[in-house]
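First subunit A sits with subunit B, and in the next complex the same chain sits with subunit C.
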Partner chain A sequence: MITKKRLMAVAALTATTAIPTFAAADEGVIRIGALYPTSGPCQMIGDFALQGTQMLVDEVNAAGGVNGQMLEVVHRDSRCDPAEATAMARDLIAREDVDFLVGGVSSSVGQAISAVSRTEEVIYIASIPKTVQMTTPENLHPYVFRSAANTNTEGGSAAVLADRLGLDRICTILMDYSYGHSLNEAFTSTLAEIRPDAEIVVQEWPQNGTTDYTAHITNIMAAGCDGVFSGVWAGLFPAFASQAGPFGFFDQVTYITAGEVGSPELAEQMGADMPEGIWANSYEVFYYPDTPAHNDFVADLQEELGVEHTPSWPVTGYVALQWLVEAMELAGSAETDAVIAALEGLSIETPIGTQTMRASDHQANRGQFWGQMHMSDDDAYPYPVMDPVEYIPADELMD
Partner chain B sequence: MFNNPVLTFIQLMNGISLGMNLFIIAAGLTLILGVLRVLNFAHGAFYMMGGYICFSLVGLFAGLPGGFWLAVVGSAIALAAFAWVVETTMLRHLYDRDHLYQLLFTFALVMIISDLVRFNWGTNVLSVSLPNGFRGATDLGISFYPTYRLLLTGMGIFVAISMWYFVNKTRAGRFVRAARQDREMLESLGINVGRVYMLVFVAGSALAGLGGALAAPAVSLAPGMDAEIIVQCFIIVIIGGLGSLGGAFVGALMLGLLKSFGVMLIPNFEIVLIYLMMVIVLMFRPWGLLGKPEAK
Partner chain C sequence: MITQRNMILLGIAFVALALVPAVSGLFLVYLVTEIMIFALFALSFNLLLGYGGLISFGHAAYFAIGAYACAVLLTTLGWPFLFGFGAAILLSAVSAAVIGYFCVKLTEIYFSMLTLAFAQLVWAIAFKWVAVTNGDTGFTGVAVPGWMDEPVRFFYFTLIVLAVCAYMLWRIVNSAYGMTLVATRENYNRAEFIGVNVRRIQLVAFVLAGTFAGVAGALFTLFNHAVFVENAWWTQSAEVMIMSILGGVGSFVGPAVGAAILLILDRSLAEITVYWPTVLGIILLAVLFFFPEGLMGVAKKAGRKGK
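Moving on, here comes the complex of A and B:
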């Protein structure tokens, strides 16, 4: 039975949702919709990327804005969840009237935001999602651009390393979901090209969500390979290392791992538990490259975060927005079509070097920092660092 | 396949040590289920709390010799205390209610603990270092094997033997067995059954805390780690027979071995194997391997 009370409640509820909460879209302000997870399992990454975004906004606004217009960031929590990201992206466009979208962490979230950007015809810069799926011909559309390195670059650069290290019998251990399979494709195809004699001996596919890798570790150690390519990414790596280490795993094989295991965040967390001599990658490391642009960026970030040794994620948010700012300046406007035209083929000076946005598939030639993990000899920073460290460019690898 | 004896031996050890770690947790679950007749959904969350508390205590006891072991004991005690609060203030009022209320209550505990963990420790993945002296491997003659996993195996067997001894050979254990069979009779004999229930719940939960603390150096700590473990524990308890300690031991061993040899022999079906085993056991012995059929 519908009581009067319940009717009242329904009425009240409808009234609240009906009240428009449009933010007054201020003419003369460019509104950037940022979708980063600030709760849930990807929170740390999202917080840092958002701080990087805000840092660029502050810099640009302090210098008088873009074409005389100020930037404003409107953030929504994407919670590392594609459904939530879709809803929040629509919300940003419909209610907050944003001009651009940036962000995303996981590949599935990147694909979800890309779908919204396509239907709503709003430019989206994917700052962290890596899956090649986003820029393959069937999914590519005029409004999506990626500043992040894709899985082809990541897997391919690992193959370049394997070749250089002279590995001939290689085992792989990759997580059994899209990220792992994309890495595998990139790694094996690049390896077949540059080192045709190398053999993939055994492939292990731990289930996503597993906590015990011991059986996989044992299989690899019995296979007699000289190198291992791994996609056990930073969040999973401490458990893997503590299980594999006592077997003498890292002494037996040359270990090359994707998934940002070389990031300063993880190195500081693991400390002496980080296996010596493994090869790992990172989006950025504060200690390399020693260029004025990068040193300035690190100094600003130190001030912004109030820490001496800066994390690697802020650069992703910073550079994603940098693409938009430079494209708007080149186009002389914030109109979508003009910015798309400016972005295609654009080259910019990022804190980590020059990058170019390919016109053909809207993929920036973002490479990756790779290096061998060794305990730092700097007493002020008693953690593992990449040494030697290098930037492996993406140009030859991202297809 | 089995033509590499060293590989087979190591996978055998992997299976046993995984099984023994699972047994410590599942033993607590089956003990509570057998005596209190409460299916504690929050048992996995207790395990998670044990791991996280161990993480914090390891930091606290960092300077002390044997700090890790103090942290392990501390985690078990902390969970016992937590369980005591839960039992005396809330759970004991639900024993006479429908099972649905108990399920709802323990499920609510899962949610609450999960949020407490997020609030207190954040959502980042945390890790605990292997304790000193257990970072390397031990020579077993056939091959080297990680010392810490040998220790986990030993702990599992130790817990199994001491629980068997307690339940079957001690006076207090007799009450536990009696409470499992006939609560009214025990009460009429003047035994404080409420107290037996409370102690069983506290002891079972302490085992979850112990299991979590011991697992902490071997797995990473992350919110959601309770979900995987509770499913595995349920499978173990169902295969072994509800409330049967021996059954939990056999079930845990089977699950561990199936996982490690599954990955070695038929990696693509490793996940299915476990459920397949459960289906087969339930087809032929619906009351579990070492359980007893319900009296008609």
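Moving on, here comes the complex of A and C:
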């Protein structure tokens, strides 16, 4: 039965939610809604990306803001969960009155935020989600842009490497979810184009969430391939490497892996456990390229984080917001349609070089840094580094 | 109980909810819409847990079936809204009937484990059948009909659906059937002795609960313009159980109140601390230890003391 007291309790509850902390709609401030996971399994990536975002905001504000307006970041924890990210994106728009959305880590969260940005007509810059589906014609809409690399670029870059390394019998080991399948499509189609004689011998699909790769490792070793393309990404790689290492796996095959295994934070975490000579990628590495813009960025980041050797993820948050800042400056306003028009075809100077946002599908030509992992010669940094290291551009590989 | 007073109180609650868009901003419209969807989900679940004493670990399955069916029928197949929405609910009911047929053959923990197993099967299908569900990338861009594609209108649509469903559920639990269901919960053997076909009673509860969960799922799809495999994952089943226990399974409105509290806590805690799961866990521990009948149980006791 519903008693008066119960009803009072419900009323009290309603009252507490009816007093939301409505953001003071300050005309002079541009509010950026950041959706990064700061708890749960993607926390590390989210924390770093958020720090990168904040660093750019501080820089811009110190220099007088954008068109005279200050930037302000409002963060909500997207928790690596699309339903949560949807609610939080709405929350940012409806309650915090943000002008733009940035962020996301996993593909499904990217899709979820994109869905909100479409219905709410708020620009969203996807800084990390890679799935090509976000920018394919059936899902593309005027409000979504991606500063991250996509799975086509990542898988295609690996195929370019496989071609260069002269690999003809290739096995793949990719996680059995959309990221793995998208990488596979990109890798095999690019390989068929640039190295038609190469053969895909065996394809292994470990279940997402598995911790035992033994069967997959032995299958690949028995298949007699000379190269392996892997999508065992950074979070899973240490467990995989510790199981594959004792079999002599990494000595037998040339291992090319997507999923940011070459990032300095993973290299430091793994130390000597990082297999020598594997080919891996990263969004950024503090030791390359040796350009003034990149060195300045690293120096600022060192100061911001108080560490000597900076992690790779802050650049994703930094560049995502940089797109918005430069587009607003070009447009001379923070008005949505003007910023969309400015973003389409825009080229900007990022800490890692020039980037261009394609007008056709709102995808930046973001490539990644690839290289062969070797223990560093530098005594001050006794961890594996990419050597040689290069930036594989995305221009030929995005589609 | 269906008394005039309760009818009036529910009517007042309905009117109070109906006034929300008029007196508040968009934020509260969104939040209350979400709360209403999960309130319906929790009310459907409580038919099993509270009234039937059936602990289902897989109630998310029917929510997800309703959600995915609604998305696919409206978007991929382009069905008109009423047919698509209706068929999605029907599909949840049919799935619940098929799965329930097997589950009610078992009791207690075996029943629970089987519901979990079937729910994970539903999840696996949603995850693997990429051509239809778009796998773990999520089904986005749902073709929501234009007339409801506006926050306030959708709010009222949800409110009306919730009111109709809640009323139906209320009539069900207060009917002769509802009393029989409670009798099977209280004493399985005794109910059988007096000639009740316990399995059939439980199966009907299972199908009804699945159907209303499907309604909630379809609403969820329309609300978000998207559906994700996470909606079928076991944590979603756990969440609806937490909502019910938090609010109180012994009361009809308890689970709905639990849904509201959990969502509000979830949103407000996330703003205050990144350790929200810990805080939420402590609150749940406290409820389980000190208020096992949930918050509505506490209110009920307080009400009795007051008299």
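Keep in mind that, in the parts below, the second predicted complex is superposed on the first by the 397 of 399 C-alpha atoms of A that agree within 3 Å, B and C clash if a C-alpha of one lies under 4 Å from a C-alpha of the other, contacts with A are read in each partner's own complex, and residues count from 1 in each chain.
What we mean here is this: a residue touches a chain if its C-beta (ideal position, glycine included) is under 8 Å from a C-beta of that chain, and two chains touch if they have at least 3 such contacts.
Just so it is clear, the structure is predicted and the values come from calculations on it, not from any experiment.
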Combined model on subunit A: subunit C and subunit B, fit or clash: fit
Contacts of A:34 with subunit B and subunit C, given as first, second, both or neither: neither
Vertex subunit A angle, Cα centres of subunit C and subunit B, expressed to the nearest 10 degrees: 60
Partner chain(s) touched by A:138 [first = subunit B, second = subunit C, both, neither]: second
Greater residue coverage of subunit A in the superposed arrangement, subunit B or subunit C: C
First, second, both or neither for A:126, with subunit B first and subunit C second: neither
First (subunit B), second (subunit C), both or neither touched by A:274: neither
Touched partner set for A:177, first subunit B, second subunit C, both or neither: second
Which superposed partner A:57 touches (first subunit B, second subunit C, both, neither): neither
Shortest CA-CA distance between subunit B and subunit C [superposed frame, angstrom]: 6
Intersection of subunit A interface sets (partners subunit B, subunit C): 39
Residue ranges of subunit A in contact with subunit B within the complex: 39-41, 43-44, 204-205, 207, 209-212, 214-216, 218-219, 222, 235-236, 238-239, 242-243, 245-248, 269-270, 272-273
Residues of subunit C touching subunit A in the complex: 1, 3, 5-6, 9-10, 12-13, 16, 23-31, 34, 127, 130, 134-138, 140-141, 149, 224-226, 228-231, 253, 257, 260-261, 264, 267, 270-271, 274-277, 295-296, 299-300, 302-303, 306
In the complex with subunit C, residue positions of subunit A that touch it: 1-7, 9-11, 13-14, 16-18, 20, 22, 38-39, 76-77, 81-83, 86-88, 90-91, 93-95, 107-108, 111-112, 114-115, 118-119, 131, 133, 138-139, 177-178, 181, 208
Complex interface listing, subunit B residues touching subunit A: 4, 6-7, 10-11, 14-15, 17-18, 122-127, 129-130, 135-137, 144, 146-149, 217-220, 222-225, 228, 259-264, 267, 270-271
